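Comments concern the structure below.
Every chain is named by a letter (A, B, C and D) in the order it is written, and numbering of its residues begins at 1.
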Amino acid sequence: MTTVIDAALVAEHNAKLASDLKADYEALGGMLARRGVDIEELTSLAQTFAVAVPSWGVGTGGTRFARFPGRGEPRNVFEKLDDCGVINQLTKATPTVSLHFPWDRPSDARELREAASALGLGFDAVNSNTFQDQAGQEQTYKFGSLTANSREVRAQAIAHNIDCIELGKSLGSQSLTVWVGDGANFPGQSNLRGALERYLESMREIYAALPDDWTVMIEHKLFEPAFYATTIADWGTSFACAQALGPKAKCLVDLGHHAPNTNIEMIVARLAQFGKLGGFHFNDSKYGDDDLDSGSINPFQLFLVFNELADAAQRDGAGFKPSYMLDQSHNVTDPVESLMSSAVEVQRAFVQAALVDRAALAGFQESNDVLQAAQTLKQAYRTDVSAILAMARVRAGGAADPVRCYRASGYRDRVAAARPPKAGASGSGIV
Amino acid sequence: MTTVIDAALVAEHNAKLASDLKADYEALGGMLARRGVDIEELTSLAQTFAVAVPSWGVGTGGTRFARFPGRGEPRNVFEKLDDCGVINQLTKATPTVSLHFPWDRPSDARELREAASALGLGFDAVNSNTFQDQAGQEQTYKFGSLTANSREVRAQAIAHNIDCIELGKSLGSQSLTVWVGDGANFPGQSNLRGALERYLESMREIYAALPDDWTVMIEHKLFEPAFYATTIADWGTSFACAQALGPKAKCLVDLGHHAPNTNIEMIVARLAQFGKLGGFHFNDSKYGDDDLDSGSINPFQLFLVFNELADAAQRDGAGFKPSYMLDQSHNVTDPVESLMSSAVEVQRAFVQAALVDRAALAGFQESNDVLQAAQTLKQAYRTDVSAILAMARVRAGGAADPVRCYRASGYRDRVAAARPPKAGASGSGIV
Amino acid sequence: MTTVIDAALVAEHNAKLASDLKADYEALGGMLARRGVDIEELTSLAQTFAVAVPSWGVGTGGTRFARFPGRGEPRNVFEKLDDCGVINQLTKATPTVSLHFPWDRPSDARELREAASALGLGFDAVNSNTFQDQAGQEQTYKFGSLTANSREVRAQAIAHNIDCIELGKSLGSQSLTVWVGDGANFPGQSNLRGALERYLESMREIYAALPDDWTVMIEHKLFEPAFYATTIADWGTSFACAQALGPKAKCLVDLGHHAPNTNIEMIVARLAQFGKLGGFHFNDSKYGDDDLDSGSINPFQLFLVFNELADAAQRDGAGFKPSYMLDQSHNVTDPVESLMSSAVEVQRAFVQAALVDRAALAGFQESNDVLQAAQTLKQAYRTDVSAILAMARVRAGGAADPVRCYRASGYRDRVAAARPPKAGASGSGIV
Amino acid sequence: MTTVIDAALVAEHNAKLASDLKADYEALGGMLARRGVDIEELTSLAQTFAVAVPSWGVGTGGTRFARFPGRGEPRNVFEKLDDCGVINQLTKATPTVSLHFPWDRPSDARELREAASALGLGFDAVNSNTFQDQAGQEQTYKFGSLTANSREVRAQAIAHNIDCIELGKSLGSQSLTVWVGDGANFPGQSNLRGALERYLESMREIYAALPDDWTVMIEHKLFEPAFYATTIADWGTSFACAQALGPKAKCLVDLGHHAPNTNIEMIVARLAQFGKLGGFHFNDSKYGDDDLDSGSINPFQLFLVFNELADAAQRDGAGFKPSYMLDQSHNVTDPVESLMSSAVEVQRAFVQAALVDRAALAGFQESNDVLQAAQTLKQAYRTDVSAILAMARVRAGGAADPVRCYRASGYRDRVAAARPPKAGASGSGIV
């Protein structure tokens, strides 16, 4: 396997931090032991965690007002894979990449698959794109794609999704995520019910093209780019559609796609209960679909989401396997750094949720001891599991401190030299 | 039929306004004719409109901070019926009353039914109450009712709902509205999934007690009284439960029970599409479940809701029959006045929605003429149909100007004399 | 004066509609007379209304996901002026244009001034742009402009604003609107207090460069492009800064720049009371800074804003002169059509607010007759003043139905032929 | 000094936990030492922390729908003091009590002062109440208090506030907190500007009655009990009023009184910068003024608030002394337990904020190293300082685990026996 960062450099980095890490790990181990918890079990569990990285996330994002490019942005899918390789090499938590078509369309699927494999990477869900017009495209998505009034537009969007499935099959992917921005900016622009009927009709064709072992994930979003009414705006619509389509259709929860004040962890519980939780796009937000780094704004919410996932795993066993992906826009940071630290934040929530004493919690709930039930969650959340996460990385060959190690490696400087900025480009994906 | 206000006084009131009303009606008729619309059809349609009045709405409401009683508040269900009788007499738009048990529990159902009938009133949905503890009640709802951990609490709540059905049957009602405030104030207080499982288990027992021609309506609400997680918090949960229960279970939409920025008319469209739109609680709000007078804050939203209802009626025909009820808290106005003007506001939206040129709208949508599609709705909404509403009332025997007529009648003074305030009472219903 | 649309075509259009308009106008006049209102006074008042058009509004907008260009988009400031000329010619409500630098920077200010003058247009506030990097710019605004940590960046941003003032002076403008997107995407990214201190320091230099008869308007915005903390996020900050700067500094209210559920009309009342209401950016929104057409989502809110403006005008007399501008993003409509109908919607709210019987309202408020106070506003709002607006336009030489007349003129086809799309361009302004 | 809980019991409790606490404290001390932080400094700092307890907080709260009383609720101000005494005895973080008049009006101020003193308690800000009508009151606050149209109502409200100042003087308080629910439920109900003019006029009279060393704190709140427009709705209004009144007027920030998505820590920074930050009401919320336990919903936000306070303390030195109070509604927990654990949560945020390496943070900000700036905050926040808080308590004579010690003491059982429930009472304060 190729490693993008020199393995010796990682080892040297880890060696420097080894003594402090060992001391912290033992200190934490003692604290946990006094609470009856075995730190080794948690460290082993941490090593099982995996979250996919989106290919477009390694480019610099932006807003409708501006995009301020970063240095050394990847210019094609192979360079994106290199960046993803770094992230996984140092965190050991991101073994798969989620591609977006047509942006990442390879001329040769085998070549792409081999390039990924050489980096120790596989492919997660593939993503279709019917929210932009591509050069040379026959029909415009200005007035919708899968829901468009025009039969020709819908046919084009359906064909593109089926093409994504074909590409995904050739790459070893097993799921398709469908996000459409379709909707209306004005009351009256669209017949709200008619639009969803057309959506279901289109999705039925896509569904029919899914291999038996594939899943199609429906991603809802409250608003943007549509600012009055979005066809797939909430989990209720997503759920009703997934039900209408069949067992291979599930719902995807992006943490930034909800109305203000929404209790997202309850949506997770609902979808798990009704068997339709397909996966996540992790990020954080304060206002809308802000696509900020996971856990940077409301880390307790992220923990509560994983608390529901732990509850579902306990109830549903091995069959409960939602897919995890980061989906963030890195406007003011180095995307590789943000993705590494975000992967760690999601992993942190996963480990903290495992720390919840579920038997005690159930007991407090049963006896309406509300304060102690709440404290049971808070105690797990308050625990600083940083040393566990670092140890898990080091044991797996990653870096004790991924960002510090990355900076020491000089990777960004190297790619900045190798990847000169494209003239006037905002082309690295969603801005 | 008894009329609470002297019919001669109404007639005199109408006579005084007749000439101006006629002139306004003709002026509007001319305007509409120039747009190809027959005013008489709209007036006839307006006369078909009906919205139920909640028995608790005729008392003065309040907040957790204070309730400032009004004069002459009704002290029992018979006095509430009198007030409801006034509202229907003057508006001719509120022929039914929705009762709340145990508040309105009659000692003799036949007597209550006859009292209503004498006033020209019938009974709409009955409402159960498991969000308060009643004097002498065995189990407390402090920690939930239909979702409580305690089997005894759930049994009590189920029995109460079944009792409500029995009472409703004896009164000629055909539906039960179930709103529970159950939820949690702390993360951890409740197992989110377990709570919904218990809810469904409880509701199945209630469902089993429903007569064949009855509907049970599930009412969701984002928050209050639970401030972290509400078991039936959104339309998605309501819909999933209604599906799980069966065809007699439907969803009820209260306009104030949604997250900020929610597109409520789209929820209406979704529930209509999936056959689960049971009915409405009309009111208006700016912040939360403010329970303000219908159409007082965002009248265009009310119109857009009725635009979806008109669309659904056109698609689904006579089978589409959601129930309409006002559900408001009158803290600073005379409740009778607020309910009269609110009934008129809802009726106004109903008539304005009928003014939408649906064929033209569909054409603009089909051709993506977004501006004209939007203008088609706006033109209907902008039309001041006040003269149509007044004429519809006058023709049906109501008052041209209900509030003015009511004030002229001296009704409030009379009941203030007849109904002295109860000492320390906040007992007139939900505050 | 040049007219962009053939005046004979407008006259012909008006002639066709004249009979219906006369009949509608008389019908409405009669209705108003019966309420004691003279329609002619309202029509005269309507003719005094003016709202500026933003130069960037005549291009097609977009989102961070995509921009779908329209036909015949203007390629330079002269073509933008032509489009603005059409809007004012047909609506007679938009006599000024608001320019944005450097986008609209003329090589010869006199030439631009004369071009505008020939079209009957003047210049409203000028707008600076420090939220994007321009080609060849020395310092980047990636990490802020007027608030940047870097002294060099701040100096560049200050110089640009002072340059805007100079340009504005040469064009006959009398105010500068300063909107900065400066802020942070992460807690910790910026010292919140330090950023505002630097902002004030920068603004003091700009303020010092203002001519005596100029105003600088501070525009606040809750979020976007900064997604955690925006330096000028709310009216409180804007007000505190305007106070700190001095009497030539005022606050600008954009209807889409507030937190969910904010009562915007109350902010208007506050700023008017404290003498700091500088002006408006009109648009509408449902979720964030959606920049939808004015009055398309919540027309009652627009009316309530004008109700406060009418109240302030009554209190403060001729000295009360906030500036009005449209600021919208037209993603799915012809921008000229949207700007015309939006100008009319704002004018509609202005005329409806004038219909409020302020003496009666004050009386109801004084006696706590809440219902009638509310109805006093609603009656004015419900009045369909379309005929007044049309008559005001026709009398001033505009079009009875601007959109229909515009379509009949073939203007869009003509400019589509004359203005071929720029390859790959998203350059027509804010997307 | 009287202790409500037997001191021997506390000592015994601490003895049992001493060994584990020592081990945890040393483990944490080692971790901190490896980061260059001296745990003893933090523990000393923790001991300086103090937050006031509201007298009404020791009763069970409720909502407009219901209040479910708890056992042993205090029936008068002396019993409330006993409960507050327990809270401070075990947490050593709540040495003062904030009284609410007329609820807590003593017949003999000296007696009350001595009772408090015996428990080691002093009095923080006093609170006036003009949002409820008291029995026997001449004027009603139904339509406002300090902003009422009626001169007589305003005079009564002003006199009550001045009376509160007199009471406070006799009790050793030095500040008055003024919260008014005044506002409107309907557009038109109130002249928005006139209401604030009357507010300022009323407040000027109250301000004039303040002793020289007193502060009056203005508390804003977005909504509830007014549901359309609240006179003092946001920090901008609060700030403008505090400025208009003079240097003894400051602003109070309640964490639950803001619009959705508001960045509260930025409001803290603004008020600190402009010298108007008077104090806090701590609680937590997800939807509105939910009054949940501090830190139970969004603990990172609480930390970020204290991060701003630490920044201000560093800048402004000893003169920066905002007052801290808990203001919560305990609907489903034992209020004593909730107040103890909430005091600890606020103290936790205070200590974590002290852990922020401010020099490093400033450096990262200066160099736009956004990721590391963010991580600097996150590292401090992630640190589990529980052992520091426990050690600080134990050293000061409090309990290692306040809730466990309290439960062991049997206090609730004892007061439940001594304080039988009042018939039909909801009288223990704000519900």
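The rule is short, and it goes like this: contacts are C-beta pairs under 8 Å (C-beta built on N, C-alpha and C of every residue); 3 or more make two chains touch, one makes a residue touch a chain.
Every value quoted in this text rests on a predicted model; they were computed, and no experiment measured them.
Visitor: Would you mind naming the chains that touch chain C and likewise touch chain D?
Guide: The common neighbours are A, B.
Visitor: Using each chain's Cα centroid, which is most distant from the centroid of chain B?
Guide: A
Visitor: Any idea whether A-C or A-D has more C-beta pairs in contact?
Guide: A-C
Visitor: Between chain A and chain D, tell me the centre distance in angstrom, where each centre is the average of that chain's C-alpha atoms.
Guide: Distance between chain centres: 39 Å.
Visitor: Could you pull out the residues of chain D that touch at least 2 other chains?
Guide: 142-143, 185-187, 189, 222-223, 228, 260-261, 263, 286-287, 293, 296-297, 300, 332-333, 368, 370-371, 374-375, 378
Visitor: What residues on chain C touch chain D, complex-wise?
Guide: 142-143, 149, 184-194, 196-197, 222-223, 228-230, 233-237, 239-240, 243, 258-263, 265-267, 269-270, 272-274, 300, 304, 307-308, 311-312, 315, 361-362, 364-366, 368, 370-371, 373-378
Visitor: Can you check the complex and tell me which residues of chain A touch chain C?
Guide: Answer in residue numbers: 61-66, 68, 131-133, 140-143, 181, 185-187, 189, 222-225, 227-228, 260, 285-288, 290-293, 296-297, 331-333, 430-431.
Visitor: How about chain D: which of its residues touch chain A in the complex?
Guide: 20, 23-24, 27-28, 30-31, 34, 260-261, 263, 286-287, 293, 296-301, 332-334, 337-338, 341, 368, 370-372, 374-375, 378, 381-384, 386, 403
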